[in-house]
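The two complexes that follow have chain A in common; it is paired with chain B in the first and with chain C in the second.
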Partner chain A sequence: MSADGAVQNSVIHDIGYQRYDGPRLSRGYAARSLFVHGLRASFGLGRSAKAKIFPWIIIGIVSAIALIVAVVRAQGGETDIGYQDLPQVASFLILIFLAVVAPELVSRDLRNHLLPLYFSRPVGRVDYVLAKLGALVVAAWLILAGPQLLIFVASAFGGADFLGELKDLLGGFAMAAMYAVLFGTVSLLIASLASRRAFAAGAIAAVYLISLPVVAVVMALGSETARQIAPMASPFMLPEGIREWIWGNGGDIDVGSYGPAYGVVGLLLPAICVLLLLLRYRRVSL
Partner chain B sequence: MNATIAWITARGLFGRSRFLLLFPLPLILIGMAWLGSSLGHPEEFAFPVLGGIGIATLLPVTALIVGTAVLGSEIDDGTVVHILTKPIPRWKIVLSKLVVAFGVTTITVAVPMLIAGIVTDGWRLGLGLAAASAVGALAYSALFIALSVLTRRPVLVGLLYVMIWEGLLSNAVSGTRVLSIQQYVISLAHKWADTSLINGTVSITVAFIMSAVFTALGFCFATDRLRSFSVAGETS
Partner chain C sequence: MAIIETRSLTKAYPRVVALDQLTLQVDPGVIGLVGANGAGKSTMIKVLLGLLAPTSGEVRVLGIDPVTRGHEVRARVGYMPEHDCLPPDMIAAEFVTHMARMSGLPKTVARERASEALRHVGLYEERYRQIGGYSTGMKQRVKLAQALVHDPDLLLLDEPTNGLDPAGRDAMLNLIHRIGNEFGISVVVCSHLLGEVERICDSLVAIEAGRLLRADRIESMTTGTDVLAIEVAEGTEALAEALAAKGIQPRLDQRALLVPLSNEDTYDVVLRTVADLDLPLHRLEQRHHRVAELFATEREASNVG
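Up next, the complex of A and B:
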């Protein structure tokens, strides 16, 4: 009965390991941390000075545009750029910002194989996707909404009609949100498919850049109907089409009677992108 | 030129399924040229399709992705150290990278340009466009390789150059056209294809000399920077 003897002689030593029985932070806390970290990373906060240069240049340029608008308005001059025009004027800058930041948020996690670590914690896949997406969209929105607020403050205190300005500002915020959601979801989806930041940034830029001339060609060649439908295919023009439908001041885009279709595409495109993102993150690897 | 480095670079570019990334854009170009030729006259769609999609988008974007990937991704990963510690002159390293970037970009861009040109207006236009894009591919590749040694964010700087400098400024301010590779390609295509469908704004001499200058400067700069390259990692 040597086995029994071994059992009787063996002892489990208590070397003082203890279970953690303090309060545990919730899953929501983890997701919130991921969101806050993503938002800070978008602006280079908490990173080296080099990482801060670029986002703050973009913020500086958009603010400079807003400042010029505010000054011209204060001098009593007329500007072509209202609250709702600012997102379109800055759309290229926002695209470059997203092409750099979206890979920063998701491609690095892929490259460094961090996803298994995240998902072995209470953070779920849905939490991860929504936190990263939220950080990106909010960052893009802030870049647009901040300068809009700057124009508002300058105008409202400059003695303009306060309520009218406020209404315009809210319209501007809505346009900024539209751009942020549309651009953000598409960019994050593309970035989540590439583990190299350079490839991801190039792919995002390629998708956006190719859409413009393609739409231009279709509009130049096609019939009246094609001219009214084609802008939907370009993320640059889709928000302007929706604006034309809702506010009727979209400027150069003629949506004809297809306004509701623009609205539907504007809702479906981000929804599909989020769905694809969730599907994509069911697998940890690429 | 070092065959092993070139081979490794090419494999890094095409590894896994990354090469699939290069396919959609050329297909869109050919598709739009075909759509245009079946719907309208060459005068209407030639410049928007060949100039707007082909020269202004497909060429720089492909060159940007490929040009920054050949050297930039190796610097990112830190594997460039393995090449730098071998007894190979720096200029040979840069030359190998340049040859691969140039070759891949040319194949991805010139072939669809050739087809799109033929669909639009026949062989002459196709060949002219293909040759001009090859020159552009060389200049862009050299520029983007130099950028990937000069800065840790080559794609960012490259995008700024392509979108802001060539895209926005060159359309508004004529002075910047002299430093825009896109304008050289348009001029060269105009000259070689001998067509009025695509009209260049800079003279053919300027286009030719400046393309050579871009290529030579990019090559020398990359070589020089690689000589005193700091391998210290940074994760900003």
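Up next, the complex of A and C:
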């Protein structure tokens, strides 16, 4: 950056306007650039110091949890937290992260009326939505997968069964991806409806936090069927239900014979969110 | 080659017709697209960018159909929106670089051209400052720079002088004039202020209520169309009637009567008429035609017709 600046500053004489006849890259390049831009912005890179505070606090806490787990394991102790448990343990942190970052990615563009500048360029509405969504989901996944990898490296060096650990790690990555996709799509959809970042953040937190006690009450008061179905309605419990169905180790959630239903909801919810996002941006005009 | 061509272009919304059978052909250069607010300028821009499909009719931008090949059109066109569209917490150079990449410029080229574009709009020294700290005039320049950064063949500027003080307006208009003449980029300037754009434009397109009022080169609008202003102390109406009877169509402009100065005889006819009616003549002067008056006559004519 500084080297660049020095070179540019050394040009003093006024050369006139020069036409550009170099390469013009595809829409795919523009969409990829937007994805990278969004991913960097998720962690506050290329932004002010203020924008870095929240993401890095969250990364710090999740890493600290992972570090504790790694240390306990290294000393031969037993922990309840495996690779697949980490996303659930960190789910509130991920929620806070998304409530801050999703508005940063989309509400900001709405508030600053940036969309006309994007949509008057080759990059299209679908590209925009997918790039932003991809950035958010990958960012959320990295926040979980990074610390999982930390535990793995520590365990591998500690002389644990390497292949067994690797298999567990991949299972953990899959859970992290599930959380990232489910949380990310819902958060981005909510954020895309609010142009004020604070409102968007509040709405994301509200949707998640309100569904939780409602589901808890239904589970406490309802029949066994209700207890097995209700967790689907909470984004916090849905991934654990799917985990119970696939791996049979979903903690305290009993899905009974409704496992496949959890799978279907787990696919439909993100799909519907993406569809609504696309519809929402189709309506944006200049 | 015409940069913009439309044939019977119509865009009808459920309740209003925004563009009504618009047929025009625009040559390269600086083009003023003038019309009152709500005349259909914004709809026109959206159609040209391929973001809005016309109800009927045809449109070509740089020879490309934006309806079916919108991406290609948007890659070669730069657009500067009317309203604020800048992120205040971003550094100008980074923002323009980002927008260059969105237009498909490779990373390093994008950075170079962003610096260049900011230099051309006069923000070279200030380019590493946050946009939020810029004045309205500077923000307007950043908006122009992001439209210019990917070296488009056509610039669409929507009310580029909006919110600027007189000095800022002049600077912006001069800059647009330079872009059109020195940079070799065609520019469409949308404005509701005719007096402003007529100074810098090669041709004008005037629309009203979605219909084409007139599209022509500036020279052909102003040559040979001077008017004679006649002011009499009293009996203005009588004079107007008498002139009309002699085949000269006068138009009332405040206290003066304006008649087209079609040939040398007009002077004699006017003087003779005033003398016949025995009116006290205050003033008789030749006025150079402002384009605005031309449109006024057109509009009256079309209202009558």
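Criterion: the second predicted complex is superposed on the first by the 263 of 286 C-alpha atoms of A that agree within 3 Å, B and C clash if a C-alpha of one lies under 4 Å from a C-alpha of the other, contacts with A are read in each partner's own complex, and residues count from 1 in each chain.
Just so we're on the same page, a contact is a pair of C-beta atoms (placed from the backbone, for glycine too) under 8 Å apart; a residue touches a chain by one contact, two chains touch by 3 or more.
Fair warning: this is a prediction, and the values are worked out from it, not measured in the lab.
In the superposition on chain A, contact is made by A:Ala30 with chain C only, not with chain B. Touch criterion met: A:His113 reaches chain C, while chain B stays clear of it. When the two structures are aligned on the shared chain, A:Pro122 is found in touch with chain C, with no touch to chain B. Contacts of A:Ser48 after superposition: both chain B and chain C are touched.
Contacts of A:Gly202 after superposition: chain B is touched, whereas chain C is not reached.
In the superposed model, A:Arg19 lies in contact with chain C only, and not with chain B.
In the superposed model, A:Leu221 makes contact with chain B only, not with chain C. Within chain A, the residues touching chain B in one complex and chain C in the other are 47-48, 51, 286.
Chain A meets chain B in the complex at residues 47-48, 50-51, 54, 92, 95-96, 99-100, 194, 196-199, 201-203, 205-206, 209-210, 212-214, 216-218, 220-222, 286.
Residue ranges of chain C in contact with chain A, taken from their complex: 42, 45-46, 49, 51, 71, 74-75, 77, 79, 81, 83-89, 94, 98-99, 101-107, 109, 111-113, 115-116, 120, 128, 146, 150-151, 179, 182-184. Of all residues in chain A, those touching chain C in their complex are 4-5, 8, 16-20, 22-27, 29-30, 33-34, 37, 46-48, 51, 108-109, 112-114, 116-124, 285-286.
Looking at the complex, you find that chain B touches chain A at residues 16, 18, 21, 25, 28, 32, 35-36, 39-40, 44-45, 48-49, 52-53, 56-58, 61, 64-65, 68-69, 72-73, 76, 152-156, 159-160, 162-164, 167-168, 234, 236.
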